[in-house]
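Take this structure first; my questions come after.
Chains here go by letter, A, B, C and D, matching the order in which they are written, and residues are numbered from 1 within each.
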Amino acid sequence: MSGNVFGKLFRVTTFGESHGVACGVVIDGCPAGLDVDVSDIQKELDRRKPGQSSITTARKEEDEAKILSGVFDGKTTGTPIAIVVYNEGHESKDYDKLKDVFRPGTADFSYFSKYGFRDYRGGGRASGRETLGRVAAGAVAKMILARKGVSVIAHTKEVYGIKADAFDEYEIEKNPVRCADAKAAVLMEKKIADVSKSGDSVGGVVEIIVRNPLSGLGEPVFDKLDADLAGGLMSIGAVKGVEVGDGFGVSALLGSFCNDEMYVGGGELRHRTNHAGGIIGGISNGEDIVLRIAVKPTPSISKEQCTLDVSLDEKKIKIEGRHDPCICPRIVPVAEAMVALVLVDQMLRGKVARVDEL
Amino acid sequence: MSGNVFGKLFRVTTFGESHGVACGVVIDGCPAGLDVDVSDIQKELDRRKPGQSSITTARKEEDEAKILSGVFDGKTTGTPIAIVVYNEGHESKDYDKLKDVFRPGTADFSYFSKYGFRDYRGGGRASGRETLGRVAAGAVAKMILARKGVSVIAHTKEVYGIKADAFDEYEIEKNPVRCADAKAAVLMEKKIADVSKSGDSVGGVVEIIVRNPLSGLGEPVFDKLDADLAGGLMSIGAVKGVEVGDGFGVSALLGSFCNDEMYVGGGELRHRTNHAGGIIGGISNGEDIVLRIAVKPTPSISKEQCTLDVSLDEKKIKIEGRHDPCICPRIVPVAEAMVALVLVDQMLRGKVARVDEL
Amino acid sequence: MSGNVFGKLFRVTTFGESHGVACGVVIDGCPAGLDVDVSDIQKELDRRKPGQSSITTARKEEDEAKILSGVFDGKTTGTPIAIVVYNEGHESKDYDKLKDVFRPGTADFSYFSKYGFRDYRGGGRASGRETLGRVAAGAVAKMILARKGVSVIAHTKEVYGIKADAFDEYEIEKNPVRCADAKAAVLMEKKIADVSKSGDSVGGVVEIIVRNPLSGLGEPVFDKLDADLAGGLMSIGAVKGVEVGDGFGVSALLGSFCNDEMYVGGGELRHRTNHAGGIIGGISNGEDIVLRIAVKPTPSISKEQCTLDVSLDEKKIKIEGRHDPCICPRIVPVAEAMVALVLVDQMLRGKVARVDEL
Amino acid sequence: MSGNVFGKLFRVTTFGESHGVACGVVIDGCPAGLDVDVSDIQKELDRRKPGQSSITTARKEEDEAKILSGVFDGKTTGTPIAIVVYNEGHESKDYDKLKDVFRPGTADFSYFSKYGFRDYRGGGRASGRETLGRVAAGAVAKMILARKGVSVIAHTKEVYGIKADAFDEYEIEKNPVRCADAKAAVLMEKKIADVSKSGDSVGGVVEIIVRNPLSGLGEPVFDKLDADLAGGLMSIGAVKGVEVGDGFGVSALLGSFCNDEMYVGGGELRHRTNHAGGIIGGISNGEDIVLRIAVKPTPSISKEQCTLDVSLDEKKIKIEGRHDPCICPRIVPVAEAMVALVLVDQMLRGKVARVDEL
């Protein structure tokens, strides 16, 4: 398997399986002189970790980050930053009975057929636990963005048909759904709890907003900012769709409506509307970047399902254990991380766009 | 600017501006021994070229492909394949009056602010003409896929709220909209013509289906098949959203519904449904791969719009000339090309997944 | 075949075979705003072209460069720069009798066994004609370096045991050997002519000096400046060795001698000696960068040699035609080009070393 | 800093500083199903570790490897393999007095000027301790090569003018110099001990031989096998030169002598001589691959030297502590590792050379 490296200049390599010794990440290409406090990384990992609330998995893992290299006297030295989180509570035995069975909707069969061999314990590398490394690296990327006043905020926009209408940024971390609309949050939470009780799971939509983004980010033709963002977000396990600005809504719109009119505001070129979601021609135009991702229902459910085993014999399966009935709240920090990684990578790449700035 | 290279093993570099000398592509990494006939490349370019029908731009360009290297005695030699299309009918003067004005909804301002300098003739590198190189390279990729029985078919699924219900593959190339539903095609064509008359443009949705895809394509974690496809498709100029399988529909679905049940069919593991769109855990599972892209209305419209010029003075603008009122029909071959490029790249990468196959 | 792309940010893709339609290069990542005059590219190509003197091959090719994209109004736009040189005088028939025979010391057998198929006309892609693309791209790289006052100068240091002692930069282009020592040049020229008459060829050493190099170029650990230079130079067909500074001489030296003592000169940190050849710890230290490459004798000789054909039958072979008895004079511009490409690539990469410069 | 990733398909990212928490490596792209025993990795690390003999540094470090991911039930799963070695005996205080002084011949000044900040403890990332990750990854690469019968053997060929004449492979690990000539080894050992006593250090030459190499490895044009090997070997800290086959010797040779004559041996195409060192046209031809590297004298010596500090004031410096008077014996396993990494990377890349093998 290759494919565990993300980014071109801010290059992130993640490693680790669900029930292996440790998960982690190495960041190659972080500029020197950045103040890094491990507690800022831990804060992001805590937003991702299991057992946060009644509607996330009940597994308890502390997920404590340790920095192994690349930081000296509290500052990055320009050398690779390795961050590791040791796995705990290896209850691998729980998985022995799933050893030969392909869980529906998961990567079990894909990995088995591709590699001829798989670490069947809790999904192995295909487990969502893999996102630990993304979140840790994303935390470092956010520190770089913060120096420029850029912030990345994600929130659960929709769960099983229940949509958030209001948007109060400060509400997001106050409810277990990470919804920016307090009223919708209550409905969403109840829906998730109900579905969970019935042994099932639900999908949703998460929106990511970049405030005060730098303009000029993005490299045409193939490495457009939105192309990199789409690739990065779609690489998150449960994501089945990505859209920017008006997204799929554009199919029913006219050009005269979609074109964001320019005007001068505060001495700068601004746009009266933001149908484009802050990206035109693959390059950020300075307006908020607005993205949404479609999140599928967690495939691991306790309802009985039909499936096959490695001998292609039919099996009935009930996936016991502690799984998230809706992964949206925990995908929020992962989506933020991926967006931050893309932004920083493009920011670095953009430093060499003009010969008179070399 | 970097960003003009796509793929890791089947690596494609495109070049060329709308009104420059030529557009083209170099393919590095095409295996040796492939039969290549330039007419097969030309056939794909002809599907992309302007002036095909009453609802595409009336510009007439022959877009004749020439192979400069990499093919000897009708076969690829394993060396880089350079394909070039000379530009003709440079009516650059048409663009002189747009020299200092930022056309709304286009990359004009983005490029100007990023590079401090831009080729203003017809969008320069940001013009859709850039996709010539993609389509030429995609034609070669399709030849490799064809050897394995894999085909990539795109069609216009939706235009301004009009949806195709039926799907008749043989209908697609028969109508100017490239819609697989003959009845919907008539409605779409009329709508596009009407909108065009009013000086406006419309968006739509294009669907891409991969028939008989190889299973096992895709490299976890970041280079998942769907991640690469999303990145590749979103890199096409007008695309604002990408989804796989049920896509954004998953937000209102239950896990028990979304999980595609496995069974044994024809001696092989198959799935009774295809909510996943043929990709699970980032790896193709052998079922049809189903993707959809949201295509925004062409920004170049003849209706009067307000905008700014390089001095940030307000201007009124009417974009004369011959522009596509709906780009969906011409995006169809481009989307197929991008999907073919990703599939071949992943196919090559997948050859080294197991040590016992080395 | 992959492997036709060089560089990470200033990324160069070359294409073309000896007797194909054209040779060329696409540069992705050239910053915008650089003044480019095609005659500056032509000047470098002219230094590389055959038929320059009595001791280079007598083939006559004009090798005229055409820029297809990326330059507008005399300046780079930041988009890919494609440069093409059409091949002329395809005397492919000359090669028909070599079709099935492996010429000793050439890539004939290597290519045949690797790709199962080869363009046998004049070496195809393995021909030195491939370096056209390198030299054209190197010419652009030199323009970027010139803005910073950096120059790259190569010269023939040794031919068949005859060593240049004196170094007069202005002498180099005055003699056909491109030797900086006028007296040694005469001896070298005579030796080459003699060897040529006897149907044989000779090797030599070419030295490359970078004057006024920027300090701080090079990315530890694997992309050290000297590592990139060694890889780039060794990728030139005839090169069998690369050394920096004292090079292989270090094996007989003491640490106390090799360590270049630092002092303050002109307010800057300088070194009293330059045993390191301007690179320490993989990073340029501001002193002249000094490199040498070992150039093997051209394998194509008219003396009779024993060899095999594709059926593994023994053959006698005399390689007729016009070949360079000593390739050093024509490698000089190629070596300069490769060094310039590496320097510019590292210069771009180095722009993001510190967070406070972002 | 970027530059800590090596390889294209067998992609290795190393991390760690001399006196940080840990050093290590992540291998992305190792095929699934390879038997991996941590003791085989440890065996290679033990050949690299300090304190092995009287002529290596007296520092004692156990350098115990731990596998954190990518191996399950003794086999690689195809997921990234993370290997970590915790640092011990951090005697950082020893380095406090060197904090502001640039040690001659080291990367101290280069890093300081490039990053504006450096981890001064024992060289930080520029320390030879960085090679731990290379050797661990190389051990895994060697396991893949061993399956194909390929072996990589390095030995000290020359120390301060004393050359090994005999070559007895089994002698290498028997003497502390790792010389394949028992008699020369005695002389070399004595020379190193003498020089060490005088507070100085010496350079040498290490030769690397690949036995039974696969033919067809190497990707023209820029990623030739010898180009990749030269880049990889030159990236090792103390290396100032790399040569293949006759290397710099070719400068005094004739083409008729250098061209290795082909014949049929054992039913296969073979070569009567090996002036090319097993690589022609950048592709391995099946003969032994023969490389040599020039190794400079360790810059850290206890003799008094003049230098500057960060304020550019002159200082006298004696580097106390335990340093290798000749690094050749410890470079031997590092050079083998780099060669193994290149061979495996090229072996994987070569699997997609022909379309009929896909």
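In this section, a contact is a pair of C-beta atoms (placed from the backbone, for glycine too) under 8 Å apart; a residue touches a chain by one contact, two chains touch by 3 or more.
If you're wondering where the values come from, they're calculated on a predicted model, not measured in any experiment.
A.B. asks: Which neighbours does subunit C have in common with subunit D?
C.D. replies: For subunit C paired with subunit D, the chains in contact with each are A, B, in label order.
A.B. asks: Name whichever of A-C and A-B has more C-beta pairs touching across its two chains.
C.D. replies: Between A-B and A-C, the larger count of C-beta pairs in contact belongs to A-B.
A.B. asks: Just give me the whole-number Å value for how far the CA centre of subunit A lies from that of subunit C.
C.D. replies: Here the centre of subunit C sits 45 Å away from the centre of subunit A.
A.B. asks: What is the distance in Å between the mean C-alpha positions of subunit B and subunit C?
C.D. replies: 38
A.B. asks: Measuring from the mean C-alpha position of subunit A to the mean C-alpha position of subunit B, what distance in angstrom results?
C.D. replies: That gives a centre separation of 26 Å.
A.B. asks: Touching two or more other chains, which residues of subunit A qualify?
C.D. replies: 1-5, 9, 14, 29, 32-33, 78-79, 111, 114-116, 125, 220, 349, 353-354, 356
A.B. asks: Please output the residues of subunit C touching subunit A within their complex, sorted ascending.
C.D. replies: It comes out as residues 8-9, 29, 31-34, 76, 78-79, 144, 147-148, 220, 347-349, 351-358.
A.B. asks: Which stretch or stretches of subunit A touch subunit D in the complex?
C.D. replies: For this pair, the touching residues of subunit A are 1-5, 9, 11, 13-17, 20-24, 26, 28-30, 32-33, 66-70, 72, 75, 77-82, 84, 111, 114-119, 121, 124-125.
A.B. asks: Which bits of subunit C are touching subunit D when the two form their complex?
C.D. replies: Residues of subunit C touching subunit D: 1-6, 14, 102, 104-107, 109-111, 113-116, 125-126, 130, 158-161, 195, 200-205, 215-216, 218-224, 226-235, 237, 240-264, 269, 276-277, 280-285, 294-301, 303, 305-308, 312, 314, 349-350, 353-354, 356.
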